[in-house]
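For reference, the structure is listed below as structure tokens.
As written, the chain order gives the labels A, B, C and D, with residue 1 at the start of each chain.
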Amino acid sequence: MDDFTATEARVRDSFARQTMMDTLGATLTALAPGRCVIRAPIAPHLKQQHGAAHAGLAFTLGDTAAGYSALSTMAGDTDVMTVEMKINLLSPAVGEALEAVGEVVRAGKRLTVVKAEVFALQGDSRKPVALLQGTMIPVAQR
Amino acid sequence: MDDFTATEARVRDSFARQTMMDTLGATLTALAPGRCVIRAPIAPHLKQQHGAAHAGLAFTLGDTAAGYSALSTMAGDTDVMTVEMKINLLSPAVGEALEAVGEVVRAGKRLTVVKAEVFALQGDSRKPVALLQGTMIPVAQR
Amino acid sequence: MDDFTATEARVRDSFARQTMMDTLGATLTALAPGRCVIRAPIAPHLKQQHGAAHAGLAFTLGDTAAGYSALSTMAGDTDVMTVEMKINLLSPAVGEALEAVGEVVRAGKRLTVVKAEVFALQGDSRKPVALLQGTMIPVAQR
Amino acid sequence: MDDFTATEARVRDSFARQTMMDTLGATLTALAPGRCVIRAPIAPHLKQQHGAAHAGLAFTLGDTAAGYSALSTMAGDTDVMTVEMKINLLSPAVGEALEAVGEVVRAGKRLTVVKAEVFALQGDSRKPVALLQGTMIPVAQR
């Protein structure tokens, strides 16, 4: 298999080991070098006090999509961790599902700067609800 | 009942309506004017790929503790939402439980600046694992 | 004059009153609804210890460009202030000049989310050196 | 001379090479392991459109104080650069001078998490005007 096929297998294996992703009902829906898309339903067990998706859901999906966008550009013997992440909430996260699109901004030798946009999906509509910007660091795979 | 007793009842009612808190097994363990503490076990369903607590758990607890620290200083007819929040991860979140301590930095007329520290608890040890800084905005209660 | 001509005059007047912009040798080189570009030379008096532009220069230009991108979408009797701003440094800011491009991400009723990219210019090259994401708030004009 | 005397000499030498600090009229007023204080007058050439200190001044002082708090804990052959920094503005920066107090939150092997508080000084009053949180990285000294 080619290099990115191996990378994708590695990313999907890592994703599958994240029990939090299962708890959120999240699926990794697209992966390309430097880009990762994750989707999760706005399920009844993931809400804040007004019935919208919890900010923690938007954060967790955006952070994870951003992290795997970084990992998709790294060598095979590394894993990745979040150094720091900032989220701005743009609109209440109301709808059927959230979709987080993570992208590499700059892949450096020691650190990778990433961003993510999170959208609320409802029928054909796709509304931006959050914007994230942060830093990932490679770590030795265990 | 005195003013803060009413405030505490309002905060605890709001907390109870957050289904995400139930999903995370979180409890509101202390509340004072401008300060809120939330605790959750590092349960098997809340982990990242290395078996530590997911960054999204530390974020969600810290963000929620910070939000209720802000709400605890506001008038009775308001609720609160996160404008933006930044998290720095300090150490892997390994242990029995996470404890998030949210505090008001400055309560302004239109916005409230907040911070939160998140600790990993293991036996008698209490290790800082994350630091958050952000902004809350009052919203009309529904 | 049309609406945006009046807005541009208001923005340029506000910019001219910022003595810091003069200290940095900054000029407002382009303005459109929701977008503002500011440029400054990497002058000898604006450096850090390695001879690159100080992170504070990239921040100040990016923050100001982002602020005026927000103001360019607001009604005539308001001014704008920074609530919070986050910067990721991508590369050392080396070259002849810095150019900051500020843009509105979402103009809300009470707050405006903004971003800015800062580039180092050297001859024909235009290299990204910083990425900012933050929040602006309208204030009554004095 | 003892170890910290050598460190302090190194920090003060680095500070002296930052031409931006001279432009801002900034002085390094205190240094201890993991803590650095920098002060600058709110001079006429450092203002925003309302006559308060520019947010870029608070940022630059806070970022620099935080950076040197990190450097004060590092070995003698390294220098330090900002990875990312976030600032929340708490109040208009009005007064005679700004004082930035930078502190190490956690010194890790590869990265150091820092924070800074910025105060506006006026006579005997010392009012918090900004709060910063960010990440520093050691770099080889040139």
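Here is the rule we go by: a contact is a pair of C-beta atoms (placed from the backbone, for glycine too) under 8 Å apart; a residue touches a chain by one contact, two chains touch by 3 or more.
Only a predicted model underlies this, so the values are computations on that prediction, with no experimental measurement involved.
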**Prompt:** Any idea whether A-D or C-D has more C-beta pairs in contact?
**Reply:** C-D
**Request:** Compare the CA centroid of chain D with every other chain's and tell me the farthest one.
**Result:** A
**Fill in**
dist(centroid_CA(chain B), centroid_CA(chain D)) in Å evaluates to 29
**Prompt:** How many Å are there between the centre of chain A and the centre of chain D, using C-alpha atoms for each centre?
**Reply:** 33
**Item:** Centre-of-Cα separation between chain D and chain C, whole angstrom
**Value:** 22
**Asked** Mind pulling the chain C residues that touch 2 or more other chains?
**Response** 83-84, 86, 88, 134-135
**Item:** Touching residues (chain side chain D, partner chain A) in the complex
**Value:** 83-84, 86, 110-111, 134-135, 137
**Asked** What residues of chain B sit close enough to touch chain A in their complex?
**Response** 14-15, 17-20, 22-23, 44-50, 54-57, 59-60, 63-64, 79, 81-89, 92, 142
**Asked** In the complex of these two chains, what residues of chain B are touching chain D?
**Response** 86, 88, 90-91, 105-106, 108, 113, 115, 128, 131, 133-135
